[in-house]
Amino acid sequence: MNPSLQPYLIEREPYYRAAGNEVALFAAAFARGLPMMLKGPTGCGKTRFIEHMAWRLKRPLITLACNEDMAASDLVGRYLLDVQGTVWHDGPLTTAVRHGAICYLDEVVEARQDTTVVIHPLTDERRMLPLDKRGELVKAHPDFRLVVSYNPGYQSVAKDMKPSTRQRFGAIDFDFPAPALETEVVAHESGVNPALALQLVKIAEQSRALRGRGLDEGISTRMLVHAGALIAEGIGVHDACALAMTTPITDDRDLLVALAGFVEAQFGPRR
Amino acid sequence: MNPSLQPYLIEREPYYRAAGNEVALFAAAFARGLPMMLKGPTGCGKTRFIEHMAWRLKRPLITLACNEDMAASDLVGRYLLDVQGTVWHDGPLTTAVRHGAICYLDEVVEARQDTTVVIHPLTDERRMLPLDKRGELVKAHPDFRLVVSYNPGYQSVAKDMKPSTRQRFGAIDFDFPAPALETEVVAHESGVNPALALQLVKIAEQSRALRGRGLDEGISTRMLVHAGALIAEGIGVHDACALAMTTPITDDRDLLVALAGFVEAQFGPRR
Amino acid sequence: MNPSLQPYLIEREPYYRAAGNEVALFAAAFARGLPMMLKGPTGCGKTRFIEHMAWRLKRPLITLACNEDMAASDLVGRYLLDVQGTVWHDGPLTTAVRHGAICYLDEVVEARQDTTVVIHPLTDERRMLPLDKRGELVKAHPDFRLVVSYNPGYQSVAKDMKPSTRQRFGAIDFDFPAPALETEVVAHESGVNPALALQLVKIAEQSRALRGRGLDEGISTRMLVHAGALIAEGIGVHDACALAMTTPITDDRDLLVALAGFVEAQFGPRR
Amino acid sequence: MNPSLQPYLIEREPYYRAAGNEVALFAAAFARGLPMMLKGPTGCGKTRFIEHMAWRLKRPLITLACNEDMAASDLVGRYLLDVQGTVWHDGPLTTAVRHGAICYLDEVVEARQDTTVVIHPLTDERRMLPLDKRGELVKAHPDFRLVVSYNPGYQSVAKDMKPSTRQRFGAIDFDFPAPALETEVVAHESGVNPALALQLVKIAEQSRALRGRGLDEGISTRMLVHAGALIAEGIGVHDACALAMTTPITDDRDLLVALAGFVEAQFGPRR
Amino acid sequence: MNPSLQPYLIEREPYYRAAGNEVALFAAAFARGLPMMLKGPTGCGKTRFIEHMAWRLKRPLITLACNEDMAASDLVGRYLLDVQGTVWHDGPLTTAVRHGAICYLDEVVEARQDTTVVIHPLTDERRMLPLDKRGELVKAHPDFRLVVSYNPGYQSVAKDMKPSTRQRFGAIDFDFPAPALETEVVAHESGVNPALALQLVKIAEQSRALRGRGLDEGISTRMLVHAGALIAEGIGVHDACALAMTTPITDDRDLLVALAGFVEAQFGPRR
Amino acid sequence: MNPSLQPYLIEREPYYRAAGNEVALFAAAFARGLPMMLKGPTGCGKTRFIEHMAWRLKRPLITLACNEDMAASDLVGRYLLDVQGTVWHDGPLTTAVRHGAICYLDEVVEARQDTTVVIHPLTDERRMLPLDKRGELVKAHPDFRLVVSYNPGYQSVAKDMKPSTRQRFGAIDFDFPAPALETEVVAHESGVNPALALQLVKIAEQSRALRGRGLDEGISTRMLVHAGALIAEGIGVHDACALAMTTPITDDRDLLVALAGFVEAQFGPRR
């Protein structure tokens, strides 16, 4: 493997509990070289899944958080001025294409069109990346793979992917884990006992039922882990839930009262 | 042929099954030097057709995916700073014009006006490309040809081509192949037997009937090939159809249920 | 004549059939130095006319297709970095002004304001071009002339020329040639016989009657020539008319049916 | 006088016929150093007036046509890269301020705010121009004067000058000259006899009555001079009026018919 | 005092007649280091007041006219390319902060957000200016003071200052001086006798009553001084009032008639 | 500690009176490395709190005031041209990440998306900052912490934080201190006696009741301190309250009358 990819290898197994046959499906599509799209709500484990798969498949993983101010040159590279004049610097996508890494575009719907269009020739039979500014046609390394993710829940029509982009991908749907599984995850990662972890999971489930009714997203598994860890370190449950679970997700007074009610339903009123 | 065009030659015959006399028509217009416009839905085979024609006519093919963030200088070239000061670098269009390649502008309606206007003097009797920034008038190589494509189905009025641009082109209409032909293509490219290929084609046809009723585009031939290949490698038909055909094209829950229904109509309920 | 203008001289007489006294009028205004404005629909022959006049008057012709992404510096020139530091490069307008060519701004209404305003001091008694960035005042060569064109039919109010710009020009109205004349042109340029050329002209006339009723522009003379040439090379009339005349100008299914009807009215139903 | 101002001196007396006491008023305000604003319709003679005054007062005149794409640095100057590194180049306003010319900002309402605000410290007691990018405070030469012009008739509210800018100027209202005076001007400048000049003036007057009723501006004195000159060179009156007076100012068919009617009222029907 | 501030010292006492205790209040706030905000209509004397205070307190005054095209780097400074490579140039705000001047941001509401936010760390206990691009934290000189002004009368909601900015300032309200005081100012500055000065003041007062009824701002004290000076030099009162007081402030015909009426009420009908 | 962080250490204890257990909660979340979000109205003490915590925890504090014109490169750094060619300069965020400081993003909702997205990989298990333009992956120093703040009261929906950003933070709610506590703060910081401080606090409380009824924000604690200090230096209470408390926060005449009424209710009518 090219030494420039070394820092992108994941050394320790990222903790991931599969909810179905997503590991086998992804592996089959991966073997065929099919570009993949991971769909699902924020914080449900898409990023953890791709990190787990990269570790499992022993491939370096280059992650890019897409946003509307990211230019195509942020992906493919640019000329920089040096003592020798302008010198080309490969961008992270080009690095992945040239040397054979997984390139993971997180929240791809936030990207501008020129960024999305750049990946087209990489996702059909051509498997190549034209560096127009350099006049170079990079043929993708056999180990190069492209994976994108997005949250189908809250992006606007204006930011929907173009059909001609969508058709180039296989897709897997993700959601929050089932309660028993999520409880196991929270207990494992935060250090609280399973009974308390289950109480936190129940609060999260109630919050997720408010999605689309004022709340953009419910409380994620990650937030439960944070709250659990604070409790494990001796912070009171009400303070920990407020700090790590409810106060961050909304500024609406009515919703905050409702969320506090979910906490009290599990842990009784605040002393 | 100029050595800089070598990487753009297509070495192996791209698989293409003609639906009508489009090969002869294109060849006649090509012989006359008429700029050509390929119209048709996403994934119906326009790109494959031009690759096939480039191979058949033994011409190098330079493809550019247009987008609204692409500047005219991305096409014609720019000055870059070097040890000798600024040095001009031909863009891909200029390379094609100067040395005699086919330049293929994919999804041309996505381009900005300055990009579209650049091609005007190349598409009338003048056949020349003024490099204003360089003060050079490039006379087109006799073998230079211009081909553009777009999908008339979903671009907005704002992105329609100007009449003064349209009038410079001849045009050929493309559509998805007839069922028998598409079945043959899917079987040939994915490795599944014709009976199963036909089942996949039937699902695609039903999805295409939903165009304009919530779905921007139906399932393309390319997606059928992906699904077929996964099935040929041992993935279950329902999983393969979900991953490669239905989950990618929409996030709408109702449409996803309808698409799953088309799959079950062919393959029975999921075990 | 300055050698830098040599490539802009038109060597062979461009074929032009006058419709009225436009040649004499233009020559009189030209002799007086009056800036000229050519108005008329796309493809009716404005560009051919100015090429013909440039040939007739033996003046080099520098053509610029205006667009909203064109900056004033694309016209007047800019500093470029060289081994000697920054070096000024005259833009095409400055070249014309300094050495005495005709500068032809095609579709001038598409240009941005700073581009339009640049021509003001060239179009009154001053006849000079201030290169503000260079601190130079270029006095126009006695042979410098400015000609602009636009299509009054489809530009929006937002893109109308400012009165203070309009008042600086003389103007000539152009339209498609009368049927007999257009038939002569089509036969001459495409190689078909006059009877067939007339049939093509009749289709074009019917299409032009649809302007403003769904069609932005009708079929132009140039398109008839393309269709005629394909027929002369052995392509069937229906295929040639579809490829070169009707398919390019619209994506609307109903209009395409109407246009196909005009073709069948001349040549009978498709075999 | 500084040699860099030499090209801006007006050598021959520009022909100007005063309509009232504007010459004396301007001279008094000029002596006091009051910045001046010339208001009036396009083509009524504001630019000719300031050229005449510059000639009369023997002051160099630097004219700038304002537009919304003009940046403050186009006025004050900028750093350019040279063999010695970046070198400052005074812009035209700075040249006028430093060495003592009249700076004339034509159509000042078209300028962006940063351009307008740049002139503030030049128009109060401070009379200085801060070159922020250079860290220099240029004290205005005693002979520096600022004059701006605009047409109050057709700019939008969005482009109105800010009160804090307006209050810094004295203002003179201009309009088209009275018929007798305008006839004298047209005859003098075009070479036609006074009777024909009067006929042209009558057409112009009728067109000006259409202002605000479809026509942004009527026919200007300058256009009458162009038409007269063409007639003097032997072009027919109808052709000359169409080319130089009516066709340029509108694309509206009804208005063009009305304008042609005014011509026929003076010269009878077209032969 | 740092020599770079020398040109910003005000040498002669600017004429200022106090309307209340604003001099003492400002001096107290100044002594405490409180950033100050001067509010009041255009031309009422805010700029003269700060110049007077700078003279009185013997502090250099750096004035910047804010506008929406001014970038943060116009305030804090930027890197410029030199023979030694890029060299940092302090902007005017940094000069004031580093060496201890008063920085006066005129019409601060016109500035963009990044400009306004730059001053935050200068206006609380930190009193420092982070030059992010240079990686330097400039600690404000003890003599640095910040003063801003704006006209509360006509800026839009969109341009209102953010509460988090407002809270950092003390504020003083300004208005036009009372008639007796304004008369004294006009007589003193223009050279006309007090009786005539009072007549001019009465016209101004009537115009100010039209504010918000078509007129953005009434006639300012500065305009009265201009008119008075022209009269003192022999221009007729009607001409002087038109040139310096009424014509500049509006283009509305009805308002101009009303303003002319105010003039005639004082000086009788125009001869 | 890295010497580049030295200027960011807070040497003297910033005065802070805790309102609840926020110090302990923050310390626990800080120990765990959880990114923190401080929510609360402008001027209620969020900035003072984080300065106090930075002092208490003996960590350098790098503060950045976010705004919509701030680019990602203002945070992470950029290439600058030097005698050796382009040289990379760490931005303030990168400095904090690399060497281990607290990075405090004030008013984070004002930032553009690319700025917000930059912090994502710093706020999950990865704790790393990819410098894409440099091709470097900075692993966060163990002492690096991220803290953001915003005012939930007046930002628009358009500027709300994305759920995927919110979920990465713990949050603490702040509000103005209770009257007794605020009185103590004002007396301590301004030097007035507690009785007068309480009167000022009462005025502030009444102003805060007007929030959402014309007033964006009430009078902050900081403003009371300013007013108190002016009074302590001998300025009359009415003048001091007008200058430091009421005039700055609104331009609305009715609201100013109401605020003046609150002052008179405490201190009687102005003499």
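Labels for the chains are A, B, C, D, E and F, by order of writing; each one numbers its residues from 1.
Throughout what follows, a contact is a pair of C-beta atoms (placed from the backbone, for glycine too) under 8 Å apart; a residue touches a chain by one contact, two chains touch by 3 or more.
Note that this is a predicted model, so its numbers are computed, not measured.
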item: Mutual neighbours - chains that touch subunit B and subunit C alike; value: none
item: Chains contacting each of subunit D and subunit E, listed by label; value: none
item: Relative to subunit F, chain with the most remote C-alpha centre; value: C
item: Interface composition of copies subunit E and subunit F: same or different, split at half; value: different
item: Far-end chain from subunit E, centres as C-alpha averages; value: B
item: Mean-CA-position distance for subunit F and subunit A (Å); value: 30
item: Geometric centre distance via CA averages, subunit F-subunit B, whole Å; value: 53
item: Inter-chain centre distance, subunit C versus subunit F - centres from mean C-alpha coordinates, in Å; value: 61
item: Touching two or more other chains - residues of subunit D; value: 81, 84
item: Graph class of chain-chain contacts, one of line, ring, star, complete, other; value: ring
item: Subunit D partner contacts - residues on subunit E that touch it in the complex; value: 4, 7-8, 14, 42-43, 47, 63-70, 74, 78, 80-84, 89-92, 95, 106-107, 110, 151, 154, 216-217, 220, 222-223, 226, 229-230, 233-235, 239, 242-244, 247-249, 251
item: Subunit A - residues contacting subunit B, complex; value: 21, 25, 28-29, 31-32, 34, 37, 39, 71-72, 79, 81, 84-86, 112-114, 116-118, 120-121, 124-125, 130, 132-133, 135, 137, 152, 163-164, 166-173
